[in-house]
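The structures come next, written out as structure tokens.
What follows is a pair of complexes built around chain A, which joins chain B in one and chain C in the other.
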Partner chain A sequence: MSDVTIDDSAAGAIASAQDEVADERLVYQGVFQRLFIRPEVGATLAAASIWIFFWAVSGPFGLTGGASTILDVSSTLGIMAVAVSMLMIGGEFDLSAGAATGALGIVTLLLVRDITGDMGGAGLSLWVALPLSFIVAMGLGWFNGTMVNRTSLPSFIVTLGSFFIIVGAKLGFAKLLVDQIQVGKLDDLAIAADDRGGDKGYAFFDRIFGAEWDRNSHIWEARDAFYTIAIVAGLVLLFVGLHELYFRRRKERGLVSLAGVLPGVAVLIAGILILHNTDDTGGNALGAAVIGAAMLVGSVGLCAMRYSRHPGIGSLGSSAPMLKALGAGVVAVALAVVAALSFDPAVDEDITFLVTEQGLRAILFVGLSMIGAVLLLVGQSRARSISRLTGSVVLALIGIGVAAMAFFIRAESASPKFRGQVFSIMLAVAAAIVVWSIATTLFEERRFIDARADRFGQSVAIAGILAMVVGVTIRMLWVTQVELDRGIPPAKFSVRIIWFFVFTAACTWVLARTKFGSWVFAVGGNKDAARQIGVPAARTKTQLFMLVSGAAWLVGVLLAFRLNTIQANTGDGEEFEYIIAAVVGGTMLTGGYGSTFGAAIGAVIMAMAIQGLPSSRWNSDWRFVFLGAILLLSVIANNYIRSKAEAIR
Partner chain B sequence: MIKLRKLLVLLFAIAMIAAACGSDGGSDAAGDSSDDSSSSDDGGGDDGDGDDEAMAEDDDGGDDSVDAVQGSDLTFHMITHSDDGPFWSVVKRGAEAAAADVGVTLVWMPGNNDPGQMVTDIATAIGEGSNGIAASLPSPDQLVGPLQEAVAAGVPVYTLNSGVNDYQDIGATTHIGQTEFIAGQGAGERFNDAGATHVLCGRQEQSNVGLTERCDGMADTFSGTVTDEFVGLDADQTDQINQIKAVLEANPDIDAFLGVGPVIAMSGLAAANDLGRELTIGGFDITPDIIDAIEGGSIAFTVDQQQYLQGYLPVILMYLEATNANTAGGGLPVLTGPGFVTIDNASDVKALVAEGTR
Partner chain C sequence: MSDTPLLELEDIGKFYGNIIALQGVTTEVQAGKVTCVLGDNGAGKSTFIKILAGVHQHDAGEFRLEGKPVTFDSPRQALDNGIAAVYQDLAMVPLMSVWRNFFLGAEPTKGVWPLQWIDKAKAKAIAKEEMAKMGIDIRDTEQAVGTLSGGERQSVAIARAVYFGAKVLILDEPTSALGVKQSGVVLRYIVEAAKRGLGVIFITHNPRHAYPVGDRFLILNRGESMGNFAKDEITIDELTQLMAGGAELEELQDELKRAISGDD
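So, the complex of A and B:
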């Protein structure tokens, strides 16, 4: 994209050229289409829907408790999935990755184990043992990479060989040196700080690899205020960013024109204060209504100050396909309501054949509502093609339908989280839909590329999302006295989660922004072609294998600090979970395409699928049926969205 | 080119499946699965190296014999699916101690989970004119026939460890071992004594008859509610801990946990600690971790099948049958368990584990 601002006539020319068959690279894509061109977006959407689903179905799958267990499970899985996805983008597999995690943990433990206390172990300090075991890890990766390069055998075969060697060596060495099939215990270092007075660096490294944050021991009374401010600020920024990306700016509008949103923000604060100070239904409804009005005021204010009006809004019309889709959507939603009504909301204990009664009720309700929503959206886009006004009216009606649904859920559900959170979120969504329908009718959308507006809008929207992430993080990490008094269960966040985030961010940056990252895509896409244009293909692949074994070292050390003792079979068979997580996250088995961020999301999806079922008290005999279905649906959704996106591109 | 790539992907997929099977086989040597699942054929689900996590070991490997001290020229053969791991080395030590005590020759023939090897060994023992054969039955279909031939040849046969459902078909004098169901029943009684009302029975494998029987036995004697769940494999203990946490959170009234293996019992303890819940925790089999936890009072008990007896008793019983025509058991199996390790005997057991007899 260039920095050239396109004036109205040029824009008009491009817009009219669009109607004919223009150069496809110049076709302007809508904001929402452009969002979907990334390989990880499908996985992110799948993750969000799975989270919402289990959150709705399960009692303890709450914001904090759910996040702490999901992130705990996905941290070690995710670190490996990210590394494995890079290797897969580079066109190779590593079947020894799972067994290597346990093996490198055992190597570390054997190096630090005291010789004098029990049998076996070198009795080294962690300061020496950790670098040594890391060198072992690098050697393992180098061995895998070199073997694959030199023999030109498929990495499947080579690493299958190293897999068996590692599995055998783990057991063999553990029994030879320690006479057990488990090696431990790391915290003996702390308990028996030796005669020389040191704990061999245990306290230091435990803070790096084993630290945990116990939420219940960190009270912060002002937490909710900060949370609310961060979320509101984030929403406003996101809202402004979306407007900026979507609408066509009037000429020569400075940043001052953004002030148009301020009256809306003022009303929004008033609405939140109403919500905060009232607890009854009437107060909530009033607060929601004020917040809806705030959105309208903010949106129209912003648009009036900054964006150009649309000359004509068209007239109402209808067509058979539109009515068909809308009718089917309404029927599906009605069926969802009937399904919800045909179960007794008070019965929560009964476990039917597969799931709890409430679980089945939620599946039917959520599933049918989703189908209905999709059909309604199809109808809306057909209405939009008839005329702007028709589309907007249909969209507004959908928004009103969402609001009605919110009241229905609130009336039907016995669960407090539905009565509070779902109700308010759905009302906010309904208000946003109605406001959006009004704004998009009155004001003109942009149909040409405006690099400055795009960059500004994106920055603002991303800032908004970050503010919301900060808000949610604050809410998860701290507790208030009110919550403690209610006896909320403790949630622990471990440093493993930070390792997971940092590792994912680093790998994503390397893949997207460095020469090495481009080489990875090149050797995965076509190794010979890559070599001919000067990419050091063999070296790149070896480095990728070393990245995977380095990640396995990290996970092994994290496990050692977490469990203190490592079994000889730790990690065996996990390598397929890494590959599955990477594939769910949009990485292709054939190499040359994929995303590390997607792999991290894939790990989160798997963790949720594994954790959600016991949380929901569903019959555990059927767990793998659910797991398989969820994974399959995630991959299908991901592929579908991606193929749509690529068709647009 | 595209076709070739598709073919490669297909090959990869096949290799993945093959590797998945291979990985199971590989982990069996270390894990809890092979014998539990293979002996599930006999319904008894007695486990062999399911107790691999047990502690000490001091084997010399291979066939070896303890020479008779003096007087007796009796030779007994012990033919098992032993892998000479921590579990079986204790059995072996029991058998050797008994042979030394009564002064007979013992030939220890470890089959290393290969029934074919065991069939050959049985034929060898008959050929050598054995005075008694004690055999485990990991896969009855292959082993019942050869042992019937031994009985037909006039050799007294005993079964040990696994084979509780087939020893009568063989014509064996008795079976020496533990049944999983009865071991579970013992655990149920323990929870009753501890005043528990709702036990979560956590399994580390989804379809393992032996582990399921442990839970079923516990549910049989326990007077309160039992929730029986598969909560993740031992190979991914982080996942296991969190799944147990999820079940505990979904069922706030659970006040006890039975892990039907030593690793999963420790996972239950970690989950309870994470949630700040006070649970009565029981486990199966002996590891250093679990004994330390019992000594420290954080785990109430672990079920021990006392495999030393599974080596010691067959030799003594074969000796008595050969010299005194005694037939123990009265047609019923001789049970070696459940024995329980609790805070009362944990330190004693710990010392005995170090000596290699527990």
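So, the complex of A and C:
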């Protein structure tokens, strides 16, 4: 960040002076608009809402155990979804990807399986078998890609062919070679190690592909302190970054002016200490109030030091569309309140085939409140277009409404989850909304592109998000003795989650930053143009198919180390789940547009649906209804976002 | 520099089975000059540029690059020899940003293989600078090409070809989809490119666009050459007449005259 400090203010002044006259045909887009046109943002918001929904209606879902299961399920799905989304951005499909995961696991198992035991198996060491099966995977991808390129047939048809070939071959070879429809067992290698004098690399590779982290055997007493520090630091950074992106910097101000946030941070620490030292709900309210004050002090302090005041705030006004949206929002929230009041909090019985009484109550309340919140926000944006003051007043009223709802929830709910956590979080959100409404009334929004401020604000905000991720990770990976004594259910994190994260990060980097990534977008967006200009279109597509089959190899090996035995039908039909995850994550079915990060989020959404339904005591047969609905909703939402994106940019 | 033209074409022909797509076409392209190829729809203009750009290969005649006979097997090969084609559909990916389109297929990279990434800052700066040389101020090179106007897109394509060392620039109907003002802008780029020493082949069906910028005119009709003139050998009216098939146009004019006078 040194380049920002060097004469930051002077350069900023010159830059902004230029920027304001630069191009009259470019309308400046505020930070929120620019955020929402990114393909992965919709998916991230959807993931957050779905998580909140299941967290509210289900007991075990929100615990660390639930999170580890979601991550576990999403990791293999996600590795494939990320690879498939790259292929889809490149304009092709691979219907054989699901069946290939099982097939490549089986190939690996057949290669290591002992000849001496039952029938079949090559009895190779894993050191040889893994590279060999990887070569098979590359061959499969090369075959798919070359067939698509040479025949110019739609990849849908070509890979449908290879799908059936793989399905048949899996069954045929399994029966032929081992006389069963399943192939195993990998851990025989370890068991038979003594007879043979060596486990053929099993112990080594089991650490890479099969290791697990058992949370309950990792005790760290200082965990909560680190967690709190990380979360607070993250929130402060995010807060500062948001201000930097949103407000217009006063020309003479350098980095020192960021210190304006410090008094707020001091008050914030006081608020957190209050929260820490009290456990009852009264203390929560006091802590939340102090944290709210901290935000106010921090925000106004920062703005006063760094950003320019707004010359005029306009006068109050109203319009029919605004009142309509706000009215509808209030009605929805009121319905939510009525729905909540019409159930008895003390009763918790199964009332229908699907839900318990409290579950239904939570669904109605959370669902209606969310609808109300969206309508109110629509109303707020309409109010803001009338005048700054109107927007701010409406926003502040919404904030006060959120606070009122928080107290309502505390009074009406029986569960400690709602009385404690939901109450405090909602109060904090209410405080943030009110503070934001005050800050945006008094200080001026930046209405021109300032590359320096954008870069600085983005870096700070991303640092904040990373700090929070670190905090949550610390909390998920370690336990404290107190928790153990209370009998916290165990949670295990598999190494496959790391594979998932690393693979997603690598693919995202490749797509955004490398030649190959550019070519992927190009062959998907306009293949003929790409070829005319010298992009090796056929080679790029073949490499994409090989990426997908390489991912299938990874997933197959992960499955083999997890299950030891692989069924002949493993993975069959899952290719559609990969495609759904990619589409949910904002990837366009017609190619040329999309996001690998979004696909990873899409996989998490699907894993939540798969896990959330049974843990909310719903029969998991319903998950396909849920998945179908998510697919349709997200396609509509993504289409809308993209049309906005194209209109804006 | 010798007097050898950059490109020489002699009696070029192309057949698709029993269909004669192009026959007996002769012309030349000098460095720093604009050769216009005129013709109505279906005259064989597309076939002509595809041969030059290496998409198709000629079946008859001789194609000489700086005096040496050549046949290009692929667009890549033509490009490597300094012949860049800017097609009607522009060879751009609308959803991708200006700088990515500018460097597509030849991205500047940092790092050592296999860890190489695009030098984004450099790519953006060059794209912006090259566009500025063409007289276009692209404010944000992250802008998607699909959102640019037709003239701006043309300028991106031309600037790209010039930057990547094209000696011969083939422009396929660059003005056909544009309004009057935008066409003027593109014509200026054509002159600009020729001034920089490139040989330009400008394909159009509009003699009013061709005549002011052209130094040499090749007129095609139904796959055959109707003539190959230097600028001092032909006037704009003759050009128009030849292009539309001479006699046919006169007939049409007479008919129109009769129709108009009949109305009075």
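Here is the rule we use: the second predicted complex is superposed on the first by the 596 of 649 C-alpha atoms of A that agree within 3 Å, B and C clash if a C-alpha of one lies under 4 Å from a C-alpha of the other, contacts with A are read in each partner's own complex, and residues count from 1 in each chain.
Here is the rule we use: contacts are C-beta pairs under 8 Å (C-beta built on N, C-alpha and C of every residue); 3 or more make two chains touch, one makes a residue touch a chain.
These numbers were taken from a predicted model, which means no experiment stands behind them.
S.K.: More residues of chain A are touched by which chain, chain B or chain C?
M.R.: Partner with more touched residues of chain A: B.
S.K.: Is A:G534 touching the first partner chain B, the second partner chain C, both, or neither of them?
M.R.: second
S.K.: Touching A:A411 in the superposition: chain B (first), chain C (second), both, neither?
M.R.: After superposing on A, A:A411 lies clear of both chain B and chain C.
S.K.: Is A:V167 touching anything from chain B or chain C once the two structures are fitted on A? First, second, both or neither.
M.R.: first
S.K.: For A:L466, decide between first (touching chain B), second (touching chain C), both and neither.
M.R.: In the superposed model, A:L466 contacts neither chain B nor chain C.
S.K.: Just chain B (first), just chain C (second), both, or neither: which does A:G592 touch?
M.R.: In the superposition, A:G592 touches chain C alone.
S.K.: Is A:I636 touching the first partner chain B, the second partner chain C, both, or neither of them?
M.R.: It touches nothing on chain B or chain C.
S.K.: Go through the superposed model and pick first if A:L153 touches only chain B, second if only chain C, both, or neither.
M.R.: Neither partner.
S.K.: For A:F521, using the defined touch cut-off, is the partner it touches chain B, chain C, both, or neither? Pick first, second, both or neither.
M.R.: Only chain C is touched by A:F521; chain B is not.
S.K.: Which positions of chain A touch chain B when the two form their complex?
M.R.: Counting only chain A, the residues touching chain B are 58-60, 65, 69, 72-73, 76-77, 93, 95, 98-99, 102, 154, 156-157, 160, 163-164, 167-168, 170-171, 175, 179-182, 184-185, 489-490, 492, 559, 562-563, 565, 567-577, 579, 589-590, 610-611, 614-617, 620-621, 623-624.
S.K.: Residue numbers of chain A touching chain C in their complex, please.
M.R.: Interface residues on the chain A side: 22-23, 26, 449, 509, 513-515, 518-519, 521-522, 525-526, 528-535, 592-593, 646, 649.
S.K.: What part of chain C is in contact with chain A in the complex they form?
M.R.: Contact set of chain C toward chain A: 55, 75-76, 79, 85, 87, 89-96, 100, 103-107, 109, 116-118, 120, 137, 139-140, 142-144, 146-147.
S.K.: Of all residues in chain B, which touch chain A in the complex?
M.R.: Checking each residue of chain B against chain A gives 5, 8-9, 11-12, 15-16, 19-20, 22-24, 26-27, 29-31, 52-53, 55-58, 85-86, 206, 229-239, 242-243, 245-247, 249-251, 263, 266, 270, 274-276, 287-289.
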